[in-house]
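Next come two complexes built around chain A: one with chain B, the other with chain C.
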Partner chain A sequence: MASSSSSPAPPTLTSAYAAPPPTSISSQIASTTFTFPTYTSFPPFYTLQPNLTTRARQLTLWSNLLTTYCAHHRLFKLSLSFLPANLFANPSIHRTLSQPDIRTVLDHLALPANGGRVEWIPTSSRSEKPNSCWVYWRTPAEWADAIYGWVDETGQKGAVLTVYEIREGEAVQSQEWRGMDEELLRKVLSVLVKRGKAQIFGQEETAGVKFF
Partner chain B sequence: MASNRRGVGLSAFSNSAISADQYARHGQTLRSNHAEALANQLSVFQAALHNFSLTHAKDIRQNPQFRAEFARMCHAIGVDPLAGSNVKGSAGSGGKTGSVWAKMLGSSVNDFYFELAVRVVEVCRETRAENGGMIAVSEVRKRIEKGRGIIGGGIDVTDDDIERALESLVPLGGGFKIVPLGSSRFIRSVPKELNLDQSTVLEVMQILGHVTVSMLQANLGWERARAIAVIDDLVADSLVWVDSQADETEYWSPAAMHDG
Partner chain C sequence: MFLRQLDLTPALRPSLYDDESLLFVQDAVGLYEGKFKIANYQNGHVYLTSHRICYVDNTEPRQYSVAVNLKDVDHTEFYAGFLKSSAKITLFPKTPKNGLRSPVPKYASPSDALVRPGNSPARSHAPSPAPAPARDINATWICPICGFSNAVPANFDPATANQHTKLPACQACGIPPPLVHMVKAAIAAISNRPAYSSPKSSALSDGNNGRGSFDVPSVSTSDEIICPRCTFGNHASLSTCEICGASLTAMNIRRSQLIGDSIARPESPGPSLGGESIVGSDTIETIKFSFRAGGEKAMLERLNEALVQRKWLLQSAPPIPKPGMVNNGGIGSDPYSAPPPPQRVVGIAGLERRGAELCKNNQTVIGSAFEDLEALMTSAKEVIAMAEQFRSQSASSDSITPEARALLTDSASALGLSTTRDMLGTGSSSETLYLTELARNLAEFLTDDRRGVLRREGGIISLVDLWAVFNRLRNGIELVSPLDFEKAANMWETLHLPIRLRQFKSGLLVVQDRSRTDEKTIAALLSWLRQPIPPQLSSDGFEQLPPAVPAGLGFGHGATAQETAERFSWSVGVATEELDMAEDTGALCRDQCLDGTRFWENCFEDFVVALGLKVPSAASVEQMESDQIMKNLESMEF
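For the complex of A and B:
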């Protein structure tokens, strides 16, 4: 699969990627309107359920919603102070997941046992609770596979690419990771470095990456 | 004249003994003639039914009306199309007749209902955490229709089919029961039975979508304590979901969660 720049067809998931995550990521990446699942119009969805069996199911649904929403809107990060208006709330039924409950949901999703689809971003001060988190609609390992696969298939092994090119270059316009936060990309690249598949030279955005 | 002595030879038989014996033998002949005639008719019928089900296997599979008619016909002539469908090789639930019918009707009818039963069980299991083990037959049908595989994916499945498929599970031991709630029919896949109060509240929820304690008091004339006790039970059994953002806490049936 050659990456094409500014192709008229909508970007699609390529076969070079690792197996899709357990939550079904629809290939709606290109469509502009996110279709909210019916359960987002179910008022109790926004109340943390007292029955633990029911709550477990509820949290699974929140996990699905979060990952598909973020995948659709290419959100790699969520900040609790600037949340998207209709992700944890449905204004048409006047229901909102409260801030403490949002934190509970994200805490739950951060556990590896629950898929590890969320990772809190540590704050500078230890005593502060983190206020933002990565949303791994693809895990760093899955991103690593994707990027390495693209490098391999485009014959760029051995070449040196800049971090900027990998994030924003013309060659990646149709790739799922385009526009990824730099911090996340570095995380992903370090996965490849650990695997012995890449090496990073230099600092900042002019840093170069060589793939093996 | 009766002889008091028994011995061998013709004289051993009295007149009445001879006629009784003659009648007995004649009766036996009649019976064996009938049995033979019946066996002949049966084998002709068996062949016809077998051919019929093979010829129409495709229709049976794909056309729910035809399938319902076929099932009705089977019941009318005293044949259970599903008898022996779950018991391979052994006598079957209907005794010797079980597997014979299964063979005649061909595998397609049995396969269809058996596969359907398996899918129904799967759907119940998958949704149990969400609905506490009570799911509407119509919701099961919708989920199965959306699914893939031999069942679903274009094959029309009716609520009737689902109930019939569940019946075929009965010989395997219960655990699945049809529970009418108001005008809907539900499948209960957990052992705990609902008491009358609980069923009543679930029925009200089917009609209104959700209830509050006050609504139960007003509509059913219950005391507050009674209403609260029933609601607590339903929540504890994960049969209802709680919405605490309304003026008064609302309790919702999960049946509405994935509609549409």
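For the complex of A and C:
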């Protein structure tokens, strides 16, 4: 239940985070290190290809890398200023995906036609481009199904649970959505509300959810 | 007069001998033999050289190209066109010595070159009002006095024989027959020969179907040759009949076999001759060139000039007769001018005399050559040889490079080989003719292995470079403008020449061999890129490590445009274009890094397949394209 620092983390990952805000980015590191697939050692992978057919394939691979990486490291959100070092770069072959290219990749992945795995978080001022995004290695719909399934299995239908409990209660330690961002969780819950499977009431901090 | 088969260069122009020079070219020419068109030889170019006159067909140049040696031509005749009939130049062949010919030559004169004692002609001619000579050795005439059967002489032509024709006497009684008798016998013999059409000489007959083949020997079943005259069965290896002495040549035998195969009427007695027996055939009377697009007057002029000059008789062109010139010193053997009086050339006096002679000779050559431009062209070879001589004598070794010397000798031959504008007639078609000839010259120049232009450039050269090299070679004579050059380059495809012009995406025009396709280039690039690159020494001696791509992953190596140019000996521009082209087809992918752009083999496909990922459909690719366009538009607005 504690946040990041306790478990042994690969040094690169924590060093990339300069003073991370405690709640927004949860970086509970998995014990096993992530094995980078072969294509991350292919230098042209880090250059956006002009040939569109090749680019389509390249973007497919990027999408795959992003989702598996984030799933492994349980990153729900990605901020362009605080990127994990090894995700968009490979120091051993001295290649990095440049910032505009990263944005292009994420934009591409944000399209629903490509799976909608990324969603930009809109910034407060209208003119700026968003700087951070959600990475849906599972879409909210999938999360909703998972949570509802768990609620169903543990027989908590009809019971009232706090949001905090769903996020970080003891019962959910073995579940995949533990440590999820609050905002994301609220999104997932609103999906359930729309489906008519849940209802939220109460204040922000002490909100409760009731499942039907 | 022979029509000989012609050797063509790769650019489908006649390949000339060393001392043969090109005089005139004309397009849209057809060939006639006698009065009749020769099928398959109706649309082509005619090239007049100092030794021959050549016809190169347009549709099938390698198959239907023939040449006539000018030394076989007796005289020419000109027919200016009238209404639908185009202008024609007729070439009359020379007669050999042992011919029997009427003293009055007429239009369809019996060509005595046909005559070979003991040979029958290969075919007879179509039924025209004057039956063309049928060379049948087996024609016989009966002497009215003693009844002995003599052979009609092979070159006797009933059509043109007149009172003055010399008739041979009867072998038994020695009295020559009356002309009428001989003519009757010859005609009877012709009409008795059965009509046949072989696959080779089709569409011809003398109009009379076979009455019997008793005049022609036939082969019976068991190796016996039936004599045409007395039907005795001779042994197969005999050449004359044992009983009557008639000739049993193989040509007769073959003909009889053909008779057996097909006694058929010809399809139409039209005025055209069958195809194949034209080349090398002996029975040609006259050859006509029909000029359907003009140029006949100039051609006639040049032809007559060439006939007069008789350049084929000498090793080198004879000097134009200059007044007061005794002897051409040291140029070549000249059997037609008197040998110089033998002079004692010993001692200092001899050396001095030789020097003086050389001086005088040089003076006359220079004087006459530069007075007249025409004369200059003719004596260009001598002038150049003289210039060579001076250079080698006077200059030191530094100032001449071997290339300069080579250039000098090449320019001499270049004058002969390339088609200059004055070789072509004036007229509207001369522009296109100039361009076609230029295209062919270029093709020859590029495929010339001695120069190895294409080989030096790795098989592909940009059009601009080629233009520069070509004009440099012309040495200031007949330079080609870029516009003409490009027009000629565009004609390579239509003329089926072995090189082609290719345009890259960026608009760069290159010239390459026809057999070199994009696929081959891509395959060559891929096979090279697949090899892992060994570490190389850089110029300052330190070992340059390649980018630390883990070997064994199967990526090969990445190459910059510079490296590619070095490897394939292309120019850098060409290398960049080729790599871009390969990238467009999806065979390569690029890798932008700090030290430039490298190209790798496109492995993305393999990864996607290996991971079992779903590749975005074509719709999403289009979506990407439209996104990109939108982005470009937006960025342009700022």
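One rule holds for everything that comes next: the second predicted complex is superposed on the first by the 181 of 212 C-alpha atoms of A that agree within 3 Å, B and C clash if a C-alpha of one lies under 4 Å from a C-alpha of the other, contacts with A are read in each partner's own complex, and residues count from 1 in each chain.
One rule holds for everything that comes next: a contact is a pair of C-beta atoms (placed from the backbone, for glycine too) under 8 Å apart; a residue touches a chain by one contact, two chains touch by 3 or more.
These numbers were taken from a predicted model, which means no experiment stands behind them.
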- Query: Should the pairing of chain B and chain C on chain A count as a clash or a fit in the superposition?
  - Reply: clash
- Task: Scan A:A113 for contacts with chain B and chain C and give back first, second, both or neither.
- Result: second
- Query: Now for A:A159: first (chain B), second (chain C), both, or neither, which partner does it touch?
  - Reply: neither
- Which holds for A:T38: it touches chain B only (first), chain C only (second), both, or neither? both
- Per-residue contact with chain A, leading partner among chain C and chain B: C
- Task: Using the superposition on chain A described above, determine whether A:T54 touches chain B (first), chain C (second), both, or neither.
- Result: both
- Message: Quick one: is A:N64 in contact with chain B, with chain C, with both, or with neither? Answer first, second, both or neither.
- Response: second
- Query: Regarding the shared-chain residue A:S92, is it in contact with chain B (first), chain C (second), both, or neither?
  - Reply: second
- Return the residues of chain A at which the contacts from chain B and from chain C coincide. 37-39, 42-47, 49-51, 53-54, 56-58, 94-95
- Note: in the complex, chain B contacts chain A through residues 129-130, 132, 210, 235-236, 238, 241-246, 250, 252, 256-260
- State the interface residues of chain C toward chain A in the complex, per the touch definition above. 547-550, 553, 555, 558, 583-584, 586, 589-594, 598, 600, 602-605, 607-608, 611, 613-616, 619-621, 623-625, 628
- Task: Over in the complex, which chain A residues touch chain C? Could you list them?
- Result: 37-39, 41-47, 49-61, 64, 92-95, 108, 111, 113-114
- Note on the structure: chain A residues touching chain B in their complex are 37-39, 42-47, 49-51, 53-54, 56-58, 94-96
